[in-house]
């Protein structure tokens, strides 16, 4: 049998571990690879995973390494390497530090992993996807606003005391505080969202934008939410589920490839995007989001290039 | 907790049993109802299901009945009641016999099941959906060509010796021998379909149109394939999976509501259809399919009305 | 990777299909083989299974054949070939017809499937296991009373309106009307069974012994219950789940190997039996069951040998 | 429907979170409760879990609290509260600190959770179970050596390059460095363990006793392995799976209730233990393990009582 599923996890920190654990326990991957720069970490994580697999009665081949050259032949490469945001750190600082890591990975991973799909997790996630795309010329998606999408649904479901699967709809735009709730897509019990149900738009937007920060403040990071949600994106691609998810695929915007989340079909082929089927207001907000992204991204790129040339 | 999932199965024949079994073993339904006109059949099927649930350690409330009035409060109503096609039977004969059953169900089910989604399985499935919609004014989907979609993928995967999740794409149009392979949507290993891969379009179309007949000839009916596929449609709706599936939702065509399958997002809300995102040729073929459907349907309706008035 | 799981299904009738379908959809088998004497049946069943696998996004290698010689290299061989009991047929008639099939299989299957576990489903199931063991010298288990065990739990749970996983305990002895409810093992909500809960021992025994006949009368056969339960036995072995199940392993009784169900640990190794941990009364009833089995079995064997010599 | 499954998690640290996450994502619990003394932690963890549930389309009722009095009506109480072992800390120090927590929990939890099963996770886990049993008079199990059992199987499978489900057998005794590999129970590919396979007993014992320390040194704690394994113990009880697992149930030893792991059937009723079915040598080692446990435990209890009286 050719074409079994082989997945590489680049970065085995808290979030990388959670994504890898969920993905592996889903049982469809024949082989996984763990890479991290921290000595012994991938190998010790391998032991933990083997103990869990023993309990679940699953067999998966595992390679754990501190050597990036060992990562070869992957169908899917999940990148969560890099620094997490800490108190007092500006988003631009994070951009510069992590962009340098992306440029390094972009120069090394594609040679040994031809045809792989790259899935970006490192923050700022959409810009890191764009940087990786720019320097690697590979197809890379940003896990983008699928996380916000699930937070939005979870909040409305809890507020209205209904099961989560009775809330539908998406959040798009840039991941983080500039995310755009796509109000025309949201339904509750199959009917369009209305504030008369007992929850206001302001509350929903507030929650979607602030809950991550709140969790980080108390728990030191978000793991279970994004870890689960991102493993579902990986599965939708690996198993060709054709699920609509709010992720960002590369798109040309003026002179750059950028990543902005819109509802998109995720299967063994990624797309089409459902952007053209959204209502006018939501499309206008997404367009504004792209412009903002582009402007900040260009500024960041300029600084990045200056920094790189200095070395 | 309000809004738990309650599913009614109208018709507990071979295919109805297989759909119900798969749906129940998925474990998300809190309550199911079985209805059939055959005395004792729903009740004995209930015993079989309870034995299976005991082994799977699942709890589901079950109501089994020969009285249609007992079917109340369902979120989803799956209709497989009616006659299956037998040797020597014309499709129009099947239409008349089963349409009369649909008219009867349309007059009785909606009163006690407000807001339910109706899922049609009885053949000719698209026309039965249209008849049920016409007489009930309810929202009813036809499971349509999701079955052909999976048969197409299975055939290509087997022929090319690749895992099934490496073949994507859809079959649309009317379920049965007039199904339309939507070639622009088909990809293999992420690349567009090409006959140079080792399988011709003619072969694929031949398989999709004839395999059901071949299975019926030897096994007396198709059960495991459609039963599994249709239970996945039910789940996509019940659990709001937002999966793209080739099913038919009601659409106005001239003076009638008709059902023709196109790739459609199936979640707690059904839609949007991705028809406008298909290439021109596939859209043209779907349009032709609709016209054919409409013409045959109108003829059938005329005969049906004559027959009804005679009674 | 060596040692992947390969399962052969000998007999693709109603029950064989249901067991195979459940086992395959569990997703752990890398390869399955279907054998039946009916022309085209295994091959058409393969198509049905491929369509279901396409929908479930599972990959399994499948071999379908009418040639028993093709069945080779299996880890597990599930035997459901033979005649089902029909109205007016005595159990001894069934014994003779199916025993001849077992002798034939016993002479052919072991050569090409070294080290396989044989799992008997054909009725009378315990005696068929003993006949297969006698003529093949292979390790064969009878699915025995795991079916009765689940029917007992399902009945008590329904009667007391509690979830199925709150009823524990086992039925042992010979599968069928001589089954022995092992009362000392039965608990409800963690407490020993007592008639004061609202269900009598007589009712439970009556249900366990008669429900199969009732289902057969209305539905023509039992499929969903046993098919699910037996696929769970297969899984417990294949995935080394170490679950206690009421199945029969070969045991010497006077001059014969016989099969009588007792609670037994089913993992990659089968056993130990928990018989010695049961209370005295239950052990006494099991012993009586063995003697009865032995006597009838010896009589059947005598007739069988006479019939064989006549040919 | 009465008797739905309600599970309380006392302690929401790293291991408590991992157990709760795995248990909840299994989908069978209708309600869960999170308690921790750290302000906001249970509530923020609830948000993370809700985001994950949204993605998995699961509905579970959640209560998050810093007030132990809110924990009421649980069927299962999982206790992981307490201090984890740190560098330079003696096991006795850990005993004293955590035993005081257990005494406090023992005085508060039983009143509001009648009939609950208590599952101990806090280390030293077997002694904490015994302390909790002594002070609460409730039925409490220690998750004991099921973790070592899976580590043993994982090690042998990796060393011999075979799938994990081809290795069977158990580790018993006290959890930690005094664990006892029950060699008579271990099989590989269905045959008894033998060093000639390519792995020595010394290697296996070394791995089982030291791997936890190695993981803690690099990763700061063990989470994925025990978190998965313990959630499977919870499920075996909640869903009445009747799986044989190496856990410790309360047993009288001289004047105390103690906890020493032996292979035990875990279903809705816990037991019987399979100790009497083990070979003589393994039983002798378990007996020695009990005596050691008793002696150390009595010493610890004496110190504990002195410390308590001083307050």
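Letters A, B, C and D mark the chains in the order given here, with residues in each chain numbered from 1 onward.
To be clear about the criterion, a residue touches a chain if its C-beta (ideal position, glycine included) is under 8 Å from a C-beta of that chain, and two chains touch if they have at least 3 such contacts.
Keep in mind that what you see is a predicted model, and the values were worked out from it rather than measured.
Should one ask which of A-C and C-D has more C-beta pairs in contact, the pair is C-D. Between the two copies, chain B and chain C, the C-alpha superposition involves a rotation of 180 degrees in steps of 5. Comparing the CA-atom centres of all chains against that of chain A, the greatest distance is found for C. Rounded to whole angstrom, the centroid-to-centroid distance between chain C and chain D, based on C-alpha atoms, equals 35 Å.
Here the CA centre of chain A is 47 Å from the CA centre of chain C.
Of all residues in chain B, those touching 2 or more other chains are 1, 57, 59, 163-165, 239-241, listed in ascending order.
Contact topology of the protein chains: fully connected, every pair of chains touching. Only residues 17, 21, 25, 40-41, 44-45, 47-59, 146-147, 150-151, 153-154, 157-158, 163-165, 211, 214-215, 218-219, 222-229, 232 of chain C touch chain B when the two sit together in their complex. Residues 1, 27-28, 57, 59, 61, 239-241 of chain B touch chain D in their complex. Against chain C, the residues of chain D that register as touching in their complex are 1-4, 115, 161-168, 187, 189-190, 238-245, 265, 267-269, 272, 274, 276-277.
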